[in-house]
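Order of writing sets the chain letters: A, B, C, D, E and F. Residues in each chain are counted from 1.
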Amino acid sequence: MQVSGRFLPWVAGLAALCLVVGLIWGFFLTPDDYRQGATVKIIFLHVPSALVAINGWMVMLVASLIWLIRRHHVSALVAKAAAPVGITMTVIALMTGAIWGQPMWGTWWAWDPRLTSFLILFMFYLGYIALWQAIEDPDTAADLTSVLCMVGSVFAILSRYAVLFWNQGLHQGASLSMDKQQHMSDTYWYPLVLCMAGFMLLFLALVLLRTRTEVRRRRLQALILRERMA
Amino acid sequence: MELRVSDLSCARGGLIVLQGVSLTLRAGQARVLRGPNGSGKTTLLRTLAGLQPPVAGRIDAGADAITYASHLDGLKATLTVRENLQFWARVHDRPVGDALLRMNLDGLADRPAQALSAGQKRRLGLARLLVTGRPIWLLDEPTVSLDAASVALFAAVVRQHLADGGAALIATHIDLGLDAEVLEMAPIAARDILPQGGFDEAFL
Amino acid sequence: MMPELGKYAGAVLGAYGLSLLLIAGLVGLSVWQAVRMHARLRDVEERGKE
Amino acid sequence: MIALLLRDLRLSVRSGGGFGLGLAFFLLVTILVPLGVGPESALHARIAAGILWIGALLACLLSLDRIFALDHEDGSLDLLVTAPMPLEGIVAVKALAHWLVTGLPLTLAAPLLGVLLNLPVHGYPWLFVSLLVGTPALSVIGTFGAALIVGLKRGGLLLSLLVLPLYVPTLIYGAEAAQRGADGLPALVPLALLAAISAGSAALLPFASAQALRINLR
Amino acid sequence: MIALLLRDLRLSVRSGGGFGLGLAFFLLVTILVPLGVGPESALHARIAAGILWIGALLACLLSLDRIFALDHEDGSLDLLVTAPMPLEGIVAVKALAHWLVTGLPLTLAAPLLGVLLNLPVHGYPWLFVSLLVGTPALSVIGTFGAALIVGLKRGGLLLSLLVLPLYVPTLIYGAEAAQRGADGLPALVPLALLAAISAGSAALLPFASAQALRINLR
Amino acid sequence: MELRVSDLSCARGGLIVLQGVSLTLRAGQARVLRGPNGSGKTTLLRTLAGLQPPVAGRIDAGADAITYASHLDGLKATLTVRENLQFWARVHDRPVGDALLRMNLDGLADRPAQALSAGQKRRLGLARLLVTGRPIWLLDEPTVSLDAASVALFAAVVRQHLADGGAALIATHIDLGLDAEVLEMAPIAARDILPQGGFDEAFL
């Protein structure tokens, strides 16, 4: 608690800074693309949120594993706290993608592999959150959601391949950091990196904050139970 | 064949309900659990039966020695009385034997369980104990809904089980007429309330 | 100040608007929950001390 | 184990909840689709394989919550867990029983219902084989979902939510195999992948299900 | 009466079985269809209105057995029947509660899901209006079906079987209205017929349901 | 306020179970139904409560005078104790009053019903009787799962109800300590076991 309490303002501040600078830079100071026009500006929201959405699930997976193996309570709560953040990011990526798709591909939605697997990720998040909410006992809920998270991860990977097999799509290929030169000019690249950092930090800050809330909630419950029995 | 419990704590709904339960039950012995509603009898029996993990303490009994009869009877409404019993017998890999006769159910053997009255259902639930062949019986208010004659019948069954070297731990509000020590719930009621090592404790 | 967005103004502004709205909503919700939980916990803890 | 299998089969025959109703739902979905999308048979032929797979999947899905819920409600699940049988075995037997009363009849009925949707002729064997290979995966995955939600009051729809994303790979390969078959294209690759998913989940998921059940029952 | 309505709403919010899960099922069906029939969006556009109606119908259907079954299992239905309220009123309130937690959210969500299926632009208002007008009929008819099977162990799928034929006219007019709207054709006639069905069943069916309930409870 | 039953026959599962039941219950009176399991107590009470039609005979009681407490309690697991009771109070359009207090549930008022022990649930089920405000109580084994103290508490509640001009018909296997006549089931058991009128009879 203390450690997270000390870190939180810094992380949050840094996140805000990166986001504000990155987004303002991206929004106001980048030129239009010769092919896509002004719509490239959406990239500064779309790509970072997609990134965070995927990594959010990874965080949940790791936290679940730690809980199952080491029975470390806080890590179960981290997983619980990360899910709503992850699903919001998924929704942002889906929505910005859809809005982008309308001018670019002439349709809001297409059953492209990447889009489809993202939709499936959204469903996994939804099921995971629903399961957390449906179970009363916190220990049981933590255990069951961890099991779901692990099995779900395996199936998420399976679906990824299934979807790729099923349709070769419209969407941009992966062009992350390694070979950036070939795909993207620096004008877009720097603010994009900034935005990615901003989204990551925002994710971190929100997870910290929400974990703290969850910890307090558990403590509150414990205290109330004790009072009731006394 | 012996049930040995030492310094057991049990929790329910995140709260410790019982603490420091120690008891030994030898072949041929019965023990009656007595305590007011909500004092934790069901919790104790479920813990001993292995249906919920103890918060602390040890439970020693041989492998597959315990069987538990809860508030629910585990009957399938569409199976007949005989089929219900046969299923449990086959699960435990033993013959049905005279269990129907001993619980006075032979006249109802071919009725589906849904057409039994409350007391008849309960008798069928108790007949299951006979076909499991397990020595230690944990009984949670076994006589609920039973009339006086059936209570006597059941008490005789328990007595026979003890005579055959079995043991029984019985939570009940009425007197079964068994020669059994009483285990009061009051002294083992929890003093501290929160589970150790559980979720909550970490946050206090 | 406002950059020229051309015919895609709706799309770009919509994307930014919706995303910022969602982020703000999430942040607001998290902060609100945190504050409320903190307050409730303090209440109960103080009640416990008396 | 065999006793449990026999009991489950007998129960589903007695309560009329087994074959009959799963099939009926399958039939109804197949009938609803033409009513919903309109009467053109060329259109039906194009979507037939997919719709039949979706219908089978939904029929399967709807019967999932019976796998453990009934036994939990009347207390027999507690008793089974303390019986001298490994929990993994119980779970596997339950999945098998579910497949026998749901997946198998659906597979047998699907070619018949194909007629209603005007499935192209070469499609029939592929549809049949893909269902035969794929429905076991549906039962096993579904048993896992059912084990997760045991004890929640009417977890039925929550169950759907949890299980459907897990069904996605099976559905894609299954429908793709049937569809390619119907279009006269080579369909062995998706079929092999489907078989791999079935085999993999049948081998591994019972352990996860047993674990979930253990957690739920304590 | 209002107490009953409030209780039912509260119960479905508490048990998490209300809005959320019906919606989730709707979403899932909408996602499954493309996965099953393949990724071509021209094809999707043609079947979108029909599939969305079928999805809403199924989501509605699956929550029907909760209407009375839960109350029957725990004995409160017996108590309600002997309470000082007309049985017709109880039945009507139950149907209303069901619509509020199922039909209404489905209607609101349908246009969003239309995007996934590439529904043509002019289709949206018609889809919305047809669902708004049609889903009350689904709830009322469904309540009648639920009243018929009260007390049968897990009548879930039997219920589907009974109710689906009754749903056919609603589905046909509803999907037709939405489809015509999407195709840019005049769609007022099916919409009017749909409204007539809704009004008629809301006015008359509660009496039949109450009668069915009376018969079932003795 | 009077319950008058004359020459009633009741059937269960297509067989006539009871025949020639006649009884009169006046304000302030209680009657205990006693008989072995399966003798038809539940069947009789359900018939009187109007939950199944009599095969023959008449039942006279004022409109809305009867309330019935069955083996099941009609509780909603996710509602709290107070909400459960409030719902029944609003259905009957009456205040909750001190019902919680009188059934010793006030300490549990804000617990969801699923977190109650068996006996606590039963107490809540019985508290419902108090808020219905109906004069004639039909009780089917009301004391199942109750401990001795709660049985006494409930007996006092029934006694108060009688003193206030109510009446009660109670099926039970144990002695409630009420000043009530006993109605034995044996004499009213069906003599000729015939299917009830209707479908089957036509084929005899």
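By our rule, contacts are C-beta pairs under 8 Å (C-beta built on N, C-alpha and C of every residue); 3 or more make two chains touch, one makes a residue touch a chain.
Please read all numbers here as calculations on a predicted model, not as lab measurements.
J.: Would you mind checking the shortest number of contact hops between chain C and chain D?
T.: 2
J.: Taking a step as a move to a touching chain, how many steps at least join chain C to chain E?
T.: 2
J.: By mean C-alpha position, what chain is farthest away from chain A?
T.: Here the answer is chain F, farthest from chain A.
J.: List the interface residue numbers of chain D and of chain E, divide the shared ones by all numbers used, and answer same when the ratio is over half, different when under half.
T.: same
J.: Would you say B-D or A-B is joined by more C-beta pairs in contact?
T.: When the contacts at A-B and B-D are counted, B-D has more.
J.: Averaging over Cα atoms per chain, report the distance between chain A and chain D in Å.
T.: Those two chain centres are 32 Å apart.
J.: Could you state the distance in Å from the CA-based centre of chain A to that of chain E?
T.: Here the centre of chain E sits 34 Å away from the centre of chain A.
J.: CA centre of chain B versus CA centre of chain C: separation in Å?
T.: The computed centroid separation for chain B versus chain C comes out at 53 Å.
J.: Chain A: which residues touch two or more other chains?
T.: In chain A, the residues touching two or more other chains are 120, 123, 126, 130, 134, 166, 219, 223, 226.
J.: If you look at chain D, which of its residues touch at least two other chains?
T.: In chain D, residues 15, 153, 158, 161, 164, 168, 172, 176, 218 touch at least two other chains, as defined above.
J.: If I count partner chains per residue in chain C, which residues reach a count of at least 2?
T.: Where chain C is concerned, no single residue meets two or more other chains.
J.: For a test of understanding, state which residues of chain C touch chain A in their complex under the given definition.
T.: It comes out as residues 1, 3-9, 11-12, 14-16, 18-19, 22-23, 25-27, 30-31, 33-34, 37-38, 40-41, 44-45, 47-48.
J.: Help me check something: in the complex, which residues belonging to chain A touch chain B?
T.: Chain A residues touching chain B: 73-74, 137-139, 142, 215, 218-219, 221-223, 225-226, 229-230.
J.: Inside the complex, what are the residues of chain D that reach chain B?
T.: By the definition above, chain D touches chain B via 2-4, 7, 10-11, 14-15, 74-76, 78-85, 217-218.
J.: Which residues of chain B touch chain F once you look at their complex with the stated criterion?
T.: Contact set of chain B toward chain F: 13, 35-38, 42, 71, 115-120, 122-123, 141, 144-151, 173-174.
J.: Provide the residue numbers of chain D that touch chain A in the complex, in ascending order.
T.: That would be residues 144, 148-149, 152, 155, 158, 161-162, 164-166, 168-169, 172-173, 176, 189-190, 193, 197, 205, 208, 211-212, 215-216, 218 of chain D.
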